[in-house]
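Several structures are given next for inspection.
Note that subunit A is present in both complexes that follow, paired respectively with subunit B and with subunit C.
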Partner chain A sequence: MNELVFFINNVVISGAVSGSIYAIGAIGVTLVFSIMRFAHFAHADMMTFGALMVFMFTALFPGAGAALGIPTPLLMLPIAMVITAFLAIGIDKTFYKPLREHGVKPIVIVIASLGVTLMLQGLIRLFAGTSSRSMYIEERKEIFRIDMPFDLATRPIVITEPQITLIIFTILAVIGLHLFLNRTRMGKAMRAMSDNPDLARVSGINTNKVVVVTWILAGSLAAMAGTFLSMDVSLTPDMSFFLLLPIFAAAIVGGVGHPYGAIAGGFLVGYAETLSVFNWSILLRRVHHWFPEWMEIPRDLALVGSEYKIVVPFFILVAVLVWRPTGIFKGKVI
Partner chain B sequence: MLAKLTEKFPEGLPVREVIVAALVFVAVLLVFASQGSAYSVRMLVEASCYAIIALGLTIQWGYGGQFNAGVMGFVALGGFCAMLFSMPVNPAFWGTELASDLGRVFLWALVALAIVIGASQLHRLGVPKKLRTTLTIILALLSWLILKSMFAPVTSAIESQAGYIGGLGMPAWVGWLVGGLLAGMVGYFVGHVCLGLRSDYLAIATLGIAEIIKAILKNEDWLTRGTATVSPLPWPTPGPGELGFVMARSIYLVITAVMIVAIFYLLQKAYNAPWGRMIRSIRDNEISAQAMGKDINKRRLEVFVFGCVLIGIGGGALTTFNGIFSPDNYLPLNHTFLVLVMVILGGPGNNLGTILGALLVYIIWVMSEPLALFLMQGGADLMTNWLGWEAPDNLSSRALQARVFVIGLLIVLVLRYAPKGLMPEKIKHVT
Partner chain C sequence: MSLLNATQVEGGYGGMNILKGVDMAIDKEDIGVIVGPNGAGKSTMLKAIFGLVEVNGGDILLRDKSIKNSAPNKLVELGMGFIPQEKNIFPSMTVEENLEMGAYIKPHTTKTMLERIYSFFPPLLEKRKQPAGELSGGQRQMVAMGRALMTEPTLLLLDEPTAGLSPLYMQEIFDRIVEINKAGVGILMVEQNAKQALEIATKGFVLASGQNLYTDTGQNLLNDPEVAKSFLGG
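And then the complex of A and B:
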């Protein structure tokens, strides 16, 4: 049974963790895509920025969380979300809005967002350097070991505190987003604008306000995803280029402009990544006696080595673009 | 006198061109005066390699309106081929059984490919399509795993006994051409998938393929020595050991300059030919071009592949000149975004503007390194003297990060205030 525990630790839990992070990131990308019709490349750097804000506040008040009994980064997360939301609105006002009003092609705004990516990256590295840091400054990362009741399994299931909070927060964010999009006036206005911006404008929807709300959502979700990723691993200032591809793959797989699709896509990409780097020979070794004598199982049976993890979202992206460019949930924007 | 001139240039005097060219000339002179000729010639050669790469991007973005966000990957492919073809033959690999072992694995790979392709055509024999798809996927996964486990011992044997497979001992320019072809093939694959869809998808896919190419070059040690790097790469011209730095680099500069002139001439011809008009019509009004019976996706693919070939050739020339093949040296900032700035600042769609923009931006880029260091040092000194702050110890690496910010700012500003660049594309109106 140890193998099963190994499988749960390495695939079920870590897939859920990376899937949740990709899902939260992809929701922001897909919202921006559906309202403003361009692929926002600076999203991954907004994630890094949010995580950096959390890190800075945690470094300023390292003992604040202990007083309330929660990790300090978690306490600082709402502040960082607000700051990142303001940053997103500011970036839109200074860089994207003039271009939009100028009536340029969407691809020009995509290039501008790449420029914004570089600016954010430059700022982040100027202040934070290039080395990676732990988000837990004066605290310890809580690690839970759940022992199996069977005698067969000697190893426990390992899950850390940020991973549990991440999964809880993802569920909360999804429910909140669902209620917001379906029950509130603003959410309905957003959906109307993503369906048909011109029709939304003539029917009296304040499109500028919708854009601002979209950036608030995108910015705060980005800060959340970045913070949880940094809490799970560590804060790396140049992680953004490796995040962009899985996040965009998740958004496109789920159907661009489709928030629920983005969540499904995020988990699909996350699990696909962990399943492909998982070494299957560990599971097969248990059932080795079923195979004929001449067949030996190689020691390494992972589909791709972990250094080629980035190939997986790319393959998913290509497969979706070839067979179903609208995504599995039929997104609106092609 | 004036009347004669206006007769010769019916669209107005080329004032912009002259000003920009003079600016580039003055900048080159300044570098020569301040840094010495060996340094300056090196900078010029690198700038000319960048100009070839920028011409590739200007075809894609300026002619075709397709945005390639992964120039770095194609540059790295060109550099890899330049390395593979120009390095001397490695007898530790070719003289032993390793070569035949590797060949056998490749043969098995061909067999597996044939089986998988055969399985994907089973529906012709009346097998239901769903069964065929499942069968193909299962076969592909199985053969991939088997091949991988066959491949691993051979490659690790190569790494431990021969280091890497070594080069082919051919002149470097063969590698540049093959690098261009390889980059074109990868471009064909990416373009084939993405070009019929929204233009954003191409940007995402190229960004991804660039990181994948870099990951492969970095981790396949048997092929490229990975992070151990390969050097020195032989030049197609006599090296600095025989002629001295200035002379050897000057001869190299002549080669790259001839390449630029040839490419420029061909591009101008193509631009003014019916083909160029068709490409521009597709860029400017897709629907009417389609209505005129043009095969939009095919033409776009043509333009994209063509641009990738040029980027690969330029990348090969650049890597050979640097003399070292190190996958870690290919950075998105230096090889994607710098080229992007060259193109959008110089004038997308304007070949002369792109070349001048490449020279100008590269000179500023190279010179900004000491400048950024100087400014940061000065600022840090002020801070220490006035406020008593400790300057961070890794100041030099942080100063370089400031350039990331400047490049980003430049992209955004140019797009907003000078979307056509320093030298806008000139469109002839035949009356």
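And then the complex of A and C:
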């Protein structure tokens, strides 16, 4: 039974955590694409930026959360989401909007977003340096150990507080997004603009307002994903480098411009990554007697070493696109 | 006072003028029909009126106020509606959501207007939960017209509303346009089915190479041998 617990800890929970982070990140990328038709490369840096905001506010008021009985970073998250939303709107107004109004090709805006990436990274390093930091400044990360009600299972299932919160927040964000897109006037206007921007304008929809709302969603979701990732591991100023590929893979695999696709893609990439670095030898040892005597089970039996984890999303991307060129859900053809 | 009065309109795409001084005037009781060869600039003229193509000469007045180069959403608020030639629905949204988007600027009237549109286009009622992209061509055209009617416009611009429809369906759409017009909506439309369209037209405009060639009543254009020979297929 310990093997099962090991599997739950290292695959089920781990995959759900990275899947949630990728999914929330990919939703932002896909929303921006569906409304403005360009790949926003600075998205992962907006995630870092949001986490940095949480870190700074936590450092300023380290005891604030304890008074309310919740972790301080979680308390600061809403503030960071608002600031990141404003940052996103500001970046759009200064860099992307003038280009859009000039009627440039999407690739020009993509390149502009690469420029914004470099700028944001510089800014983040200026304030945060290059070393990684724990988001828990005066607090300890709560770790829950759940004992299994079986005699054979001597090890507990381990899950941390930020992991639980992340999974709950992801579920809430997905439900919220679904209701927003299908029940509200602005949400429907977003879908309309994604379907047919010219007709949206002709229908009297204020497309500039839709763009602003898109950035609010993308920015605040980015801050949320970045913060939870940093709470789960730590805040590393260059984490966007490791996030960009999985997030874009998730968005593309799911079907570009398709929010539900981004969620599916996020979890697909998250679980694929986790499964590929999972050490299968622990599970196989259990069924050792099925194999011939002479066959030894190696100690380390992962599909790829964890240092090569980054290639997995790329592999998934290619594999899915060969099978379905527009992604799992039928996305917009780029 | 004309409802719409466009004078010497010049405009086009990327600095190149497709329209070279076009005049067009429509009153509230009019059905104006624009005919002319492919590439004449008919669609461009409608887009120019609706603020989708830059106008760099002449003027466009709506009830004597200039609407030249106004944003489309402002024009919708002024009571104008536009049904483009292609891509005139939101394909992934349901029929009802398409119609709701038509009433985007008047959300409080959505409910009553939906009922009116469904009674005007009964086939849409049973399809209302279906994505508009899955409908037949004729049904899509109804969705497109319904969407534009949701704001109760006083001036409706239609670009080839009967393109690709069977003759029976085409007549149905023309009948509906006459009905809409009788209810007090000025109509300006582009049509390739020129003869049938001019039958219902109070005003006809023949456009070629971005210029007015003939402007007269629909009947007079139909009876003009020159026009018939060159533009109505004999």
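Throughout what follows, the second predicted complex is superposed on the first by the 333 of 334 C-alpha atoms of A that agree within 3 Å, B and C clash if a C-alpha of one lies under 4 Å from a C-alpha of the other, contacts with A are read in each partner's own complex, and residues count from 1 in each chain.
Convention: a contact is a pair of C-beta atoms (placed from the backbone, for glycine too) under 8 Å apart; a residue touches a chain by one contact, two chains touch by 3 or more.
Not measured: the values here are computed from a predicted model.
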{"item": "Joint occupancy of subunit A by subunit B and subunit C, clash or fit", "value": "fit"}
{"item": "Contacts of A:G176 with subunit B and subunit C, given as first, second, both or neither", "value": "neither"}
{"item": "Of subunit C and subunit B, partner touching more subunit A residues", "value": "B"}
{"item": "Contacts of A:V322 with subunit B and subunit C, given as first, second, both or neither", "value": "first"}
{"item": "Partner chain(s) touched by A:L126 [first = subunit B, second = subunit C, both, neither]", "value": "first"}
{"item": "Contacts of A:E307 with subunit B and subunit C, given as first, second, both or neither", "value": "first"}
{"item": "Subunit A-centred angle between subunit C and subunit B, computed on Cα centres after superposition, in steps of 10 °", "value": "90"}
{"item": "Partner chain(s) touched by A:P78 [first = subunit B, second = subunit C, both, neither]", "value": "neither"}
{"item": "Lowest C-alpha to C-alpha distance for subunit C against subunit B (Å)", "value": "15"}
{"item": "Subunit B and subunit C footprints on subunit A, overlapping residues", "value": "none"}
{"item": "Interface residues, subunit A side, partner subunit C - complex", "value": "185, 188-189, 191-192, 195-196, 198-207"}
{"item": "Complex contacts: residues of subunit C adjacent to subunit A", "value": "50, 52, 71-73, 76-77, 82, 84, 87-93, 97, 100-102, 104-105, 107, 147, 151"}
{"item": "In the complex, subunit B residues that touch subunit A", "value": "65, 67, 69, 141, 144-145, 148-149, 152, 193-194, 197-201, 203-205, 207-209, 211-212, 215-216, 218-219, 332-333, 337, 340, 344, 392, 394, 397-398, 401-412, 415-416, 419"}
{"item": "In the complex with subunit B, residue positions of subunit A that touch it", "value": "38-39, 41, 95, 98-99, 102, 104-108, 110-112, 114-123, 125-126, 129-130, 241-242, 244-245, 248, 252, 298, 300-301, 303, 305, 307-308, 310-311, 313-314, 317-318, 321-322, 325, 333-334"}
